[in-house]
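Just so it is clear, A, B, C and D label the chains in written order, and each chain counts residues from 1 on its own.
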Amino acid sequence: MEKDWQPKILAFLCNWCSYAGADLAGTSRVQYSPNIRVIRVPCSGRINPLFILKALQSGVDGVLVSGCHPGDCHYLSGNYAGRRKSATLKRFLEFLGIEQGRVQFSWVSAAEGGKFSQVVDEVTRDIKRLGPLKKFKKSS
Amino acid sequence: MAMIQKKLREKTKELLAKKEVDLVIGFSDWTLPLRTTPIFIRTPEGAEHLVWNSFCENNLAAYLHKFSRLKVGVVVKGCDARSVVALNLEKRFPNHPPLLIGVVCQRLVDRKKVKKAVKGEILQAVEQGDLLLVKGENFEVSLKRDDFLYPSCQSCTHRTPHQAHILIGDPVEEVSLVETHPEVGEFERKSPEERWDFFEKETSRCLRCYACREACPMCYCGECFVDSSRPKWIEKSLSPSDLAFYHIVRAYHQTGRCSGCGACERACPMDIRLTYLTQKLNQEVKDLYGFETGIQPEAAPPLSTFDPEDQQGFIK
Amino acid sequence: MKNPYLPIPMILKKAQIETSDRLLRTLELGFKNKEDEESFRFIPGQFCELSILGKGEAPLGIASSPTEKGFLKFTVNKAGVVTTALHHIEEGSEIGIRGPLGNGYPINLFEGKNLLVIGGGFAFTTLRSLVAYFLHPEHRAKVKEITVIYGARMPGLLLYKDELLEWERRNDLKLVTTVDWEDKDWKGKVGLVPNVLEEIAPSSENTSAVICGPPIMIKFTFPKLMALRFPNERIFTSLERRMKCGIGKCGRCNIGHLYVCKDGPVFSYAQLSKLPKDY
Amino acid sequence: MKLKLDKKNFEDFLKSLMEEYDLYAPVQPVEGVSVFKKIEQPSEVNLTQLVPQKPAKDIFFPQSEVMFCYEMAGKQSRMNSMEEIKRERILFGARPCDIEAISIIEKIFVGEEYTDVYFLEKRRKTTIIGLGCNHPLSTCFCSSAGGDPFLRAGSDLFFIDLGETYFVELLTEKGAALRKNRFFKEVDPNDLTLVKELEGKAFEKVGYSIPVEGIEKRLDLMTESSFWDRVHEKCIGCAVCTYLCPTCHCFDMVDEALNNKGQRVRNWDSCLFPIYSLETSGHNPRPTGRERTRQRLMHKFNYFPKNFGRVACVGCGRCILYCPVQFDIREALLYASAKRAKGLKRKFR
């Protein structure tokens, strides 16, 4: 592993909670790891497992999906539906041999700027420990 | 089995004679040993071509999409019937729900395994009780049928198609295996590195002929994600990454929908192990949501519903 | 040996939106290399594979005439991945082309006869090439009367409007334009192409007909041509199919034993009537 | 020129070939699956499977092949064509059907007007060593399709398995380049008798039962036959038969690009996929399995013969062996043949 290697982490944040949470972290000047690249999505239920796979294939080292807490979904139940997809996909990827921790999930509300930074730091730390993603990544 | 075949022909004849259905999809003998072929019967006389044996390996539910305008009777095994139930839940039969002619399955013989057990080309194979008599130009052996079952059949827990409208054969006592899917367990005991290597090695043989997709009754999307150009999810060449991508998504799209029939693996010309992937997903949905495909005709597919109390220990 | 799959580089000199729905853009491409320009010889009705690196290729009929030197013109309907990219590409950018491909219109067969050209919508591109070719002073004498019937759904959807105006003023060409729905400035006819054809009833005597347009237009125009006693051998059309190689290797575009890319895209109805209805 | 090779020297012989050539031969990645691949170790070569899943066309017309690479810099680009083959090749252990199929593909790829340089380059730089079929399978019908189990045409050298030794024939100039190989020995007159015997047996086994001759004319009358309404019913629309067919040559060309670098790749394609002929407008000239199956069979037995004077089928039997639903092309031909259609007892299924 290169000494100065820094992981690239793609974060899918729901528009209503986690993205606002990230915003809050920013305006509150809470520091967190600069390794994430954010894609705003309407809802964590919008995450098609293909997004996560495509991201891993295209060169990111880890993926974070974050949405509203259970019961808080702007669309009432989107995060519940998303939760089932997340649970099954996570288990399946680990079964295939993609290391545990490459794909992570969190609930972060609009008020949780602190939690957001903590989650990002944790995910970054986990993925740093795992090193660059080698499996599945497309070599070009 | 001969009894089943006889009854199957009688029933089919009757259904067609009374015009209860327009078409019966079943199995017939054809040119290769250890195989049968799907047959489409429209007249009562045609019923004579139906066969039932341990080589009826296709999941005929895959044809139902093609004949959605007709009243179709379809010969189903335990697993195939579950596929039909799952398709029905997905509202695939708005016009005529198919009539299920269920056959209690004795579990199927893995032709690839049999071929490996003998030297030379097999020209004839017949079943006699528990034995399988296999003949070639210079050999003749009898094999124990149960030693040559498909992996998906070895771990079968639903041989009787209880959902069928017509049931042929006596319901059997279903075995509850200690380890439901031995293949999955065997794979799980490996390290993550070994697991990925195995998966990649298997999928590296893939030709992208999509036989696994086409043989599966649940793969009915108008446009498969591999064929989509906007967005382009996946390249069409044979890079290991794209092959893995295809197989991950093909399997994952079966989550909560797969009956474990094994038709995908049997269709593969390159002998790629596939069923352990979907069996793992079956195990997951059973473990997480108590769901088994096609058992309860009313239960919503697990990924199209939720329970506020679903497990979420994995979420930060 | 020449590699027929390698595109030659062209530069997008000028681009212009043609129609009010903004779905058709005309590209004027100049040759990047002099030797490519010299070796590029084509006849109206031929097509090229336009190539945008990273996106792929799309077959497009050549809309300019061989008599217009120094550039090639294509009109692109925004539909798929490549054509969308061709809509977004900026002037000055490089675009690859492979061609000229296909057989083109049977120019020699038209000589000494009247020419009836019937076009609909954006299928007018190669017809424009054909008409411009015969309007050129060098070639005008080769055919007798030229009649052009061109229809679109709305006036805004007609291609090459400036040129149509110019054609209208000429006396060596009879142009009839028609639309399904007129607007207040519309001076041409109102009605569907087959009906207009019936109305003006050009004589089939010593006349060749070329017809290009949406399948539905062709379907209804063809019987009218028959009624006017055009023989199958003198009715020509240009077909479209999904294509990849453009040189008769990759399969896919065949109709019977003929390949649309190599043996077509121009066929006479006499030819088509012998082929399976696979189009 | 006729020679022989002791089987005990077989691996050393292959090694000697690898000194000067890239060697391609059948290998088995897992038992029961065989493909042609570039050989790294002579021990990899495995000739046990008579018809490997992937035919030898893969060596000349690979399933996935980069045609050219490109790099974009602003509005300009640079292209680099990839057809050149640096080292001469030997294809070893291909069967006569596969070799004949290469000549069939050549008919369309090497044309008067356009030549597929990628195919031609590989074809020119490959010496083909064919291997006779002593024990054709029950699914083989090469003799009916214009070949035979020991057809030499297309091979530069031809091997026949005589048990302890291989009987070797040098057939072309390219093949003669190998005559000095140190492992080749003088042939015995007995060997020649043995070869005759093996050939006779194999010919008898394959027979001429499949009515390929005259099929073109017959199919001329069948373009709108009700035969097509039924024949496609069991086809599930995968590409096994077409991908594994040694004569099928359809391909797709796609761009694969990342940032400013990319490549144009050609991949095998199949007329049985709906997307194969689907147009951007949504119109599909071959909308159902009926038209697609008709295209597959007509192309092989009617369109191709019209253009090139020979059916595009060599009777290798792969499409029968590996079809997931046992679509049997022989039965389709029997059904379509005049003789069978008269007294048709067995319904096509």
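Throughout what follows, a contact is a pair of C-beta atoms (placed from the backbone, for glycine too) under 8 Å apart; a residue touches a chain by one contact, two chains touch by 3 or more.
Please read all numbers here as calculations on a predicted model, not as lab measurements.
When you average the Cα atoms of each chain and compare centres, the chain farthest from subunit A turns out to be C. The interface with the greater count of contacting C-beta pairs, when B-C is set against C-D, is C-D. One finds 51 Å separating the Cα centroids of subunit B and subunit C.
Rounded to a whole number, the gap between the C-alpha centres of subunit A and subunit D is 48 angstrom. Distance between subunit C and subunit D, defined via averaged C-alpha coordinates, is recorded as 39 Å.
If you average the Cα atoms of subunit B and of subunit D, the two centres end up 31 Å apart. The multi-chain contact residues of subunit D, meaning those touching 2 or more other chains, are 252, 254. In subunit A, no residue reaches two or more other chains under the touch definition. Touching of two or more other chains is recorded for no residue of subunit B.
The touching residues of subunit A, counted against subunit B in their complex, run 49-50, 53-54, 57, 70-71, 77, 80-81, 83-100, 104-107, 119, 122-123, 135-139. By the touch rule above, subunit D contacts subunit C in their complex via residues 67-68, 70, 72, 75-77, 79, 81, 83, 108-109, 111, 113-118, 120, 223-224, 249-255, 257, 262, 264, 266, 269, 271, 276-281, 283, 285-286, 291, 294-295, 298-299, 302-304, 306-307.
On the side of subunit C, the complex with subunit D involves touching residues 1-7, 9, 53-57, 79-80, 83, 90, 92-94, 96, 215, 240-242, 244-245, 247-252, 254-257, 262, 276, 278-279. Of all residues in subunit B, only 229-230, 232 touch subunit C in the complex they form. On the side of subunit C, the complex with subunit B involves touching residues 80-81.
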